[in-house]
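Below: a set of structures, written as structure tokens.
In what follows, chain A forms one complex with chain B and a second complex with chain C.
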Partner chain A sequence: MKAQRKIDVYALTWRLPIILWQLLFFVGPVVFMIVISFFVVKNYRMTEAFEFVNWERMLTRGYFWDSYWYTLFIASLSATIAMIVAFPASWALAFRASETQRRWAVFLLIIPFFTSYLVRTFSWYVILAESGVLNAILGYVGLGPFKMLNTHFGTIIGYLTLTLPLAVILQTITMANIDKTLIEAARNLGCKPLATIWRVVLPLSKTGFIVAALFCFILAFGDFVAPFYLGGSQEPTLPILILDTTKSGQQWPRAAVVAIMMMATLFTIAFTAIVLAYRKPKGTNA
Partner chain B sequence: MTKDLKTKQTQFLRRDVLRIGGGVALSAPFVSRAWAQTTEINMLAWYGHGEPDIVGAFEEANNVKFVPKYYAGGDNMLALIAQSPPGTYDIILSDAEFVQQLNLAGYIEELDANDYPFDDMLHEDFTKFPGHWDGDTLFSMMVRCGHLGVSYNTTAMSAEEASSYNGFWKPELAGKVGHFDWHLPNLGMMSLLNGNGSDLWDLSDDQWSAVQEKTMSLRPQVGGFFDYGGTFNGLKNGEMLAMCGIGDWITGALERDGATVASIIPQEGGIQWTESYCIGKGSEKADIVKSFIQYMLSPEGQTKSAQMIAYPGFAITKAGRAMLQEVDPAEARRSHQYDGMENEPVALINEGRIHYRDIPQQQSLEDWNDFWSEYKNA
Partner chain C sequence: MKVRGSNVALGLYVALIFTFVFAPIVFSLVFSFNSQRFPTIPLGEFSTEWYVKIFNDEDVWKAVRNSVIVSTSTAVLATVLGFCTAYTDFRYNFRFKGPYLALILLPPTIPLIIMALAMLAWLSRIGMSGQLWSIILAHSVLTAPFAMAIIRLRLHQMDPDLEAAAWNLGGTEWQAMRHVIVPFCAPAIVSALCLTAAVSFDEFAVAWFVSGLNKTVPIVILEIVQGNIDPTVNAIGTFVFLTSMTLVILAQLIFISRQIKSHS
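Moving on to the complex of A and B:
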């Protein structure tokens, strides 16, 4: 006879707020967005309908797919660069710095988040402009001036402003929790430094690293500020396309189509990343 | 002794509190009456129109307070009205080409033409501006205008090079030509360059294809697509040396700060943006709003409009221009608002070099927007 499962009222009470929060502010808006993607706009006003015209219109346009692939590419590139650039700093903080130094470093890395991201982005104008600080320094050694604003480079710099501190923090926390004796054992058994990173540190940090990369990707993929203000909207990313779509003709239903495609992409990538992060290596039972 | 003093102080404080409290309580009805007398006027407008440099003096003189809601673009304006209950906005500043749609949708009140200085207009066209009248009924009152052409950095382009839209293709400007990110003025300019003249908005399929082709050929020169702030910064810091889709409304503000930029109406012609005031349908403050529109058309209001900090515009009344010349001759000269000056705005209209901004006649706005998105991605 099957035992009847008893509802744990105490546990449910504590879980209820987060469940309600998710229903109200995540599931609800997503459902609403899906619904309005079938609405039509008449005289600048959304009208209830169930038509596929917005889906057909957006998904058959070349510029939508150009934006889609470009956004996917530049967000992936930015996440990769963030992970690579963050690694030496995280390594030093995790293995070379004292506990106090590490705490201070993490605190200092959090400080940029106290300031508005838009303000931080605009401050790059002073540094990256052709008459800016960086070109002035390069000019002293006979280089430049280089065009950095309104380029892909500018977009990447903007994305890194957003993601790099986060990547360093997550990598540091992940590596700081590795059992140091495993690294010492590898070195004692003759493993070279780079091989130790590749064969010991990275496998042991896999979950944290994948989560860090995923966060970097998600933030860059949905960011409007960097590609618009530092990239000069060329090429437009999907968030810029959403803005363009709503600006002209108030096509919120078509913007909803773009947003749903973005969310579907993020879900797919996040799900795949989590599966990879928690997949056990072959031949292990633990 | 100390104790006595302390007691005395405490008593004094208590009396003081009672006195002040009583005073406040007794004066409360007057305070609340004074607050109640300040009328709030909800304004829907482009940025800058509800700022103190424009409305401050009127607010003070009439004990009103403007509550502005700013938009960017006529589509955005229409959507904001469509999504709000009737009577939300007391006064609406509209681009002239959208007035007709406001009227057709029933969003604006009729105006009495006798309330406004039509006999003082600088140009005949301003008295019967397209879309502002339905038969003999006035629905919107033009208040200011400006011209769009080639905007450029004077150290990178000569006035002669800027005297044609072809100047955007100058090889030295590769990667330094910016676009104001709105398809209408940019594609309108390309249409003028293609020789469509006064039919710039009324394009056949072939003409529309030719405009697209011409625009696409500019893409390698383009260094970015910008909003107002980006356009302003791009020109100011020299990242962009020429800008398509704008005019003196941006370079004028920079020029005042000493930047080496200018705007010129090229030989192919320029485009006029026109801003007009309407009274929102269902507004309970129509009388005071009418007074404000009259104020903006008075010499003082016209001068303030021409000097607007956010973006300058031309005076449209003779008395307004005269007052501008009197109180701010430097601004009047900078913006060519003297009879006989080169590029004087009314003379440009009379010479047929200015075309009023409109919406596409044979294509939909969506078609133009679709192409604009393709262009940005190219």
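Moving on to the complex of A and C:
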């Protein structure tokens, strides 16, 4: 017997509005951005066209590729640093802290993740400045002053402000879910602490860690505030390139080219990461 | 002995991480009451100069009003959208459910600067950019996934038979929704309202691109920061921190407290 194909008003009420809303205000914008990358700008006005001039213009320019590789490099570097710096803390929260302490830690770390990143970056600007707080403190012990603003260091501090809380949260949750008896078993069988991390904990938390690293990468890759204010934008990242091209030149089509290149890169990396994250390790049947 | 030593070291390390994460927030608060133009250590005198300055600034007030309108409208819109999706995911299985969920969950994975450009181009095209509600439209898309996630987590704790029981007792689907599902989700709904309001209140990239001349608080901050060092940013920043932190803390507390209650 085939189910009757009656229109279920109730079900559609909950389902349809979002589809329309997202098509209009999410799919629409993204698709249109791809479309305008083929438009041309004449006398500061965008005119409909189907030409590859913007693509040619951007992709044959050295500064675009410099910016592209630099962004890829600095975002990967900061994601790696975030993962490494977060690890001991996540380890402590997952294995040494009590359940209550862990909950509180995650509770506290969620707050800055949703709290004005812009103001926090500006605060770092003041802290890291030539005559700022950090150099003043270092001065008391006879060090410095160091130039920290307008350097890669500044950019990475900014990225970490954005990504470190998330890295700790995701790593902690991942490791807290590991079956503790597996770790005890490894230790009882004579596995050294570092070897336990390397051969037991990390393989068991692979999926969570790859997802965490991916999020850190995406956030850093797309952020313009840290490289702009703390890195001094001497080497413009792709988001800064989009910002400049859109705001100062009215060159939306060229900015769209940069944005599409960024999205293509992100999707490739995200896809690879997710395939790696969910691939079963060799030699297991689980 | 060895474990205790390593526990102390790890404890200090965790403290260090928390210091890094919270230092900018604390310094912004401290500097907002500091008399120096360029704040450093040792601190200058206690002063409310910067607060007085922003309090008398017409533009700041206008921005606050805009931000309140945008974040409350966004919160309501995003929570309704999030609720519909969460409920659909909880209750139904259908073809293309994967793409359906992707449609609502994907926006936060796309960098804001890209969404900003895409929204600006599209909203200008359909004649909807440069208005206060342009920000609301864009923010609803960006924040709905957070609302969806919170409400979906709550529905996950619900016994699906509860709804069926309501139908068996003669209720219509609409009545079951009103008397069973919505009350059960109430804490998650309030929590989602707070969180989406906080995210919208803080968002500056998309807002800056699509708002035209209607500035919200983060846009005012962005413009001040682009000029010279101006300590009024710390005063506005502290206000922003307090608002969004309160919302995020409320969102978490409301969600957690109900969870504990329903478990005991």
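In this text, the second predicted complex is superposed on the first by the 257 of 286 C-alpha atoms of A that agree within 3 Å, B and C clash if a C-alpha of one lies under 4 Å from a C-alpha of the other, contacts with A are read in each partner's own complex, and residues count from 1 in each chain.
Assume a contact is a pair of C-beta atoms (placed from the backbone, for glycine too) under 8 Å apart; a residue touches a chain by one contact, two chains touch by 3 or more.
This one's a predicted model, so the numbers in the text were calculated from it and none came from an experiment.
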Looking at the overlay, what does A:Pro236 touch: chain B (first), chain C (second), both, or neither?
first
Quick one: is A:Ile74 in contact with chain B, with chain C, with both, or with neither? Answer first, second, both or neither.
neither
Which partner chains sit in contact with A:Met261 here, chain B, chain C, both or neither? Use first/second/both/neither.
neither
Tell me which partner A:Tyr44 touches in the superposition: chain B (first), chain C (second), both or neither.
first
Thinking of the overlay built on chain A, is A:Ala11 touched by chain B (first), by chain C (second), by both, or by neither?
second
Should A:Gly62 be classified as contacting the first partner (chain B), the second (chain C), both, or neither?
first
Partner chain in contact with A:Ile137 - chain B first, chain C second, else both or neither:
second
First, second, both or neither for A:Lys147, with chain B first and chain C second
first
Comparing chain B against chain C, which has contacts with more of the residues in chain A?
C
Of the partners chain B and chain C, which touch A:Ala186 in the superposed model: first, second, both, neither?
neither
Just which bits of chain A does chain B share with chain C as contact spots?
125, 129, 131-132, 229
Touching chain A in the complex, chain B uses residues 72-73, 75-76, 78-79, 82-83, 101, 105, 175, 178, 181-183, 222-227, 230, 233-234, 237-239, 365-366, 368-370, 372-374, 376-377
Inside the complex, what are the residues of chain A that reach chain C?
10-11, 13-15, 17-19, 21-23, 25-30, 32-33, 36, 85-86, 88-89, 91-93, 96, 105, 107-112, 114-127, 129, 131-133, 136-137, 160-161, 164-165, 168, 218, 221-224, 229, 239, 242-243, 246, 252, 255-256, 259, 262-263, 266, 270
Residue ranges of chain C touching chain A (in the complex, touch as defined):
7, 10-11, 13-14, 17-18, 20-25, 27-28, 31, 38-42, 81, 84-85, 87-88, 91-92, 100, 103-104, 106-107, 109-115, 117-123, 125-126, 137-138, 140-141, 144, 173-174, 195, 198-199, 202, 204-205, 209, 218, 221-222, 225, 229, 233-234, 236-237, 240-241, 244-245, 248-249, 252, 256
Across the complex, what residues on chain A touch chain B?
43-45, 61-63, 66-67, 70, 125, 129-132, 147, 149-150, 228-229, 231-236, 241, 244, 247-251
